[in-house]
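Note that the chains take the letters A, B and C in the order they are written out, and that residue 1 is the start of every chain.
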Amino acid sequence: MRRPSLARDAIVALALFALLAFLPTVFPSKSFSDFVVRASAFAIFATSLNLLIGYSGMVSFGHGLFFGLGAYSFALLMQKTGSSIPAAIGITLLVTALVATAVGAICVRLKEIYFSFLTLAFQMLLYSVIIAWTDVTGGDQGLTGGVPRPAFLGIRLDDPHHLYVFCCAIMVASLFLMWHLVQSPFGYTLRMIRDNPRRAEFLGIAVWRVRLMAFVVAGVFGGLGGVIISLFVSSAYPDFAYWTISGEAVFMILLGGIGVFLGPLAGAALLLALNDTVTKFTEHYSLVLGIVILVFALGMRKGLLGFGMERWRARAGRGG
Amino acid sequence: MDIQALLTCLASASCIVTQTTGGLISGILLFLVAAGLSLIFGTLKVTNFMHGSLYMLGAYFAYTIYTATGSYALAVVGSALGVAAFGWAFERLFMSRVYGSDVLMQLLVCYSFILILDDAVKIIWGAEFRSMGMPAAFQGPPIVVAGGVLPVFYLFLIGMTLLVAAALGLLITRTRMGKIVRAAAVNPTMTSALGINTTLVYGGVFALGSLLAGLAGALAVPVRSMVSGMGFSILIESFIVTVIGGMGSVAGAMVGALLIGLVRSFGSIGFPLFTEGLMFAFMTAVLIVKPSGLFGREA
Amino acid sequence: MLRIEGLEKSFGGVAAIKDVSLDFSAGSLTAVIGPNGAGKTSFFNLVSGLLRPDAGRVLLEGKDIAGLPAPEIVRRGIGRAFQIASIFPSLTVRESILGAVHAHRRDHTGVGRRFPLAEARAEADEVMELVGLSAEADRLSGSLSHGDQKVLDIALALALRPKVLLLDEPTAGMGSEERWQMMETVHGLWSKRQMTLVFIEHDMDIVFKFAQTIRVLCYGSVLAEGTPEDVRRHPKVIEAYLGSQYSAEVAG
């Protein structure tokens, strides 16, 4: 049985990172590196959501909770406490993990549609707190004053080139970690729970506990995506916690292919490209996006899950 | 957190009356929306994720008809029927195509419509907040109860909703059509095998659910302002209401909606920053104690 | 090994299981039979933890497991296969069984190393060998034939090295030749693994050929129990299956 080995994957990841780091010499424009940085934030975010939707069968509508939480926690920590960037990231991830544990403990035991809606409700709760707590969060204007970027380990994130390389490194590392997770026994337990939770119980697995673990892991990576976006815009905006961010992430996953690990990455890049292109011509981006999504949803009537599964099976059949 | 303000209010009869009526009104509007959502879910087993947009359409339709004709009655009836027709078309043309698919596909279809409608509303009516103001018929002086204010319009709202709720109840339980709807909810294959046109039933139920949402929007317009995207928060609230009351239960929706309305009304005094949080705390508590909702059946 | 005492369960006022007391000795091979609706699957559900009994005790090696959550009961040693094969369609046969082995070894939440862990491979291979699925090892479970899926279901339970294995109609939905093959497989793994095996079955020929002892359930109660010979002659059993006219014949 051919199994991707840890060593092989590490080499692939390093190669990918090297390639990404090299690209700005070929495409020196600012819009290119901006695109890659934004895409890396969303790639991490969407891939983390796919851990839940694609691999665990847990359809969360409220994953944006962690994106927004990550962005605001990081930005506020940097603004108010003068902490170093690595420390701020560390604390942000810790906070995200705690919130994910609390929210997950409530949501994870619920049946499908209740789980979906309750996660969304919690996200909107965060959103409403962000909007209302103007003293701390700046309300609907977002955080003003910028996010300070003190140098650490010789890395100066106020230099766009450093920022580019840093974000690429974080993205590649995050995706590598999530891939490893998915290829570990834990990942296969998630697949078993997705396919047949009752049977998993009858293998002695405490299904809700494993689901909670998945929820927390996904939440932490979602928060990391929020950190990246906050660095990019040097602020934090309520939009990062608005429900549309979750909807877009779902679309990214379906666009790229739910059964494919790098699908969300592709979907993120595609959607951002669409966004950039459309907003050049019209301010009615929502309308265009809505039509695109509708056409896509009706066209993939079988459900991309079926489509993705078939491709996956074909691959597995050939490969096994 | 401002507990002092809350206690002061609770000590004052006029404050209690004003807040209670305000809360009841929120609750009633929420009930109409939630009832529609619950009806669609109960029969079609589909969550109409864009239900809030129907509420928004109802508000804008009513506003347009009223400003054009000066008749609020026409506005209410017209917008309710208009949204019902829209709902019917949406179900027949789009939703029905994804019934068999993954719930993610259904979500995407609804999501796409939220996006499309939000922008459409911006394009047609503009992106600013709009207010209709109180229709001439209700511009009389408010009724004063124990020092608290009770606008005449509120009485109309309450009366209208009770009428609609009663009509809905009778429709579902007493008429042949209601029986068919309930049968189709329980066993669609059998119902269709009995020669009943289930597609008509599905379209009809969706239209009815949409009508309720649109009606709520039309009734809300004199007392709420309108803006693109206003549908979403009411979607979340109506979902919370159905969770608390129990999916598929109309009585549950009523109780849940009134409770939420009151929690919001009094909560906004005591916890101005965390009013939403109160609702969630309440819902979480209900979910822990009775996961299928106060009136819900174990689905 | 497994003793059931005074088991009761009602659904909405209808008693599905009424005061059932049964004993299954270690290493025995028992068939549970009875007309449709007799409560056989409910009985399995109660013992394996899918349902919670209203009253009664289920003693596994002397300890009461009644009412415990299913994963806990499974971990204590009760394995179960289902009437309609309950498997993981998107995983291959090998992956599914490996997954079960990992769960048994409590390695299923490990993230340090890649799946599958080396320690689990040998065990999974052995289980596949035992049930005869080695040839299908890399096929997707969802694409297996009905019969193979039932076998896989059993293999998943076997991977847990259960003390008691409950098979709910292992031959359901199979043609007569396939049924005998399945039972040969079941008998083979029973004798190799020396476990207590209980199976629900409708085909009387199979029951009388393979079972050491038989328990007959009817309308939620125990109608008879004993060796195949005892049960075959038992007037109540004949009455339940064929009607009272025949029981008189046999008794006479």
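By definition in this document, contacts are C-beta pairs under 8 Å (C-beta built on N, C-alpha and C of every residue); 3 or more make two chains touch, one makes a residue touch a chain.
On a predicted model such as this, the values are computed, not experimentally measured, just so you know.
Here the chain-to-chain distance from subunit B to subunit C, counted in touching steps, is 2.
Ranking all chains by how far their C-alpha centres lie from the centre of subunit A, first place goes to C. At the centre of the protein atoms shown, by the Cα-centroid criterion, sits A. Measuring from the averaged C-alpha position of subunit B to that of subunit C gives a distance of 50 Å. If you average the CA atoms of subunit A and of subunit C, the two centres end up 43 Å from each other.
Once the centre of each chain is set as its mean CA position, subunit A and subunit B turn out to be 33 Å apart. Residues of subunit A touching subunit C in their complex: 1, 3-6, 180-181, 183-189, 191-192, 194-196, 198-207, 210, 213, 309, 312-313, 316-317, 320.
Looking at the complex, you find that subunit B touches subunit A at residues 47, 94, 97-98, 101-105, 107-109, 111-116, 118-120, 122-123, 232-233, 236, 239-240, 243, 272-277, 280, 283-284, 287-288, 291, 299.
Interface residues of subunit C, counted against subunit A in their complex, comprise 48, 50, 70-72, 74-75, 79-80, 82, 86-92, 94-96, 98-100, 102-104, 107-117, 138-140, 143, 156-157, 159-160. Against subunit B, in their complex, subunit A makes its touches with residues 53, 59, 61, 106, 110-114, 116-118, 120-122, 124-125, 128-129, 132-133, 243-244, 247, 250-251, 254, 258, 284-287, 289-294, 296-298, 300-306.
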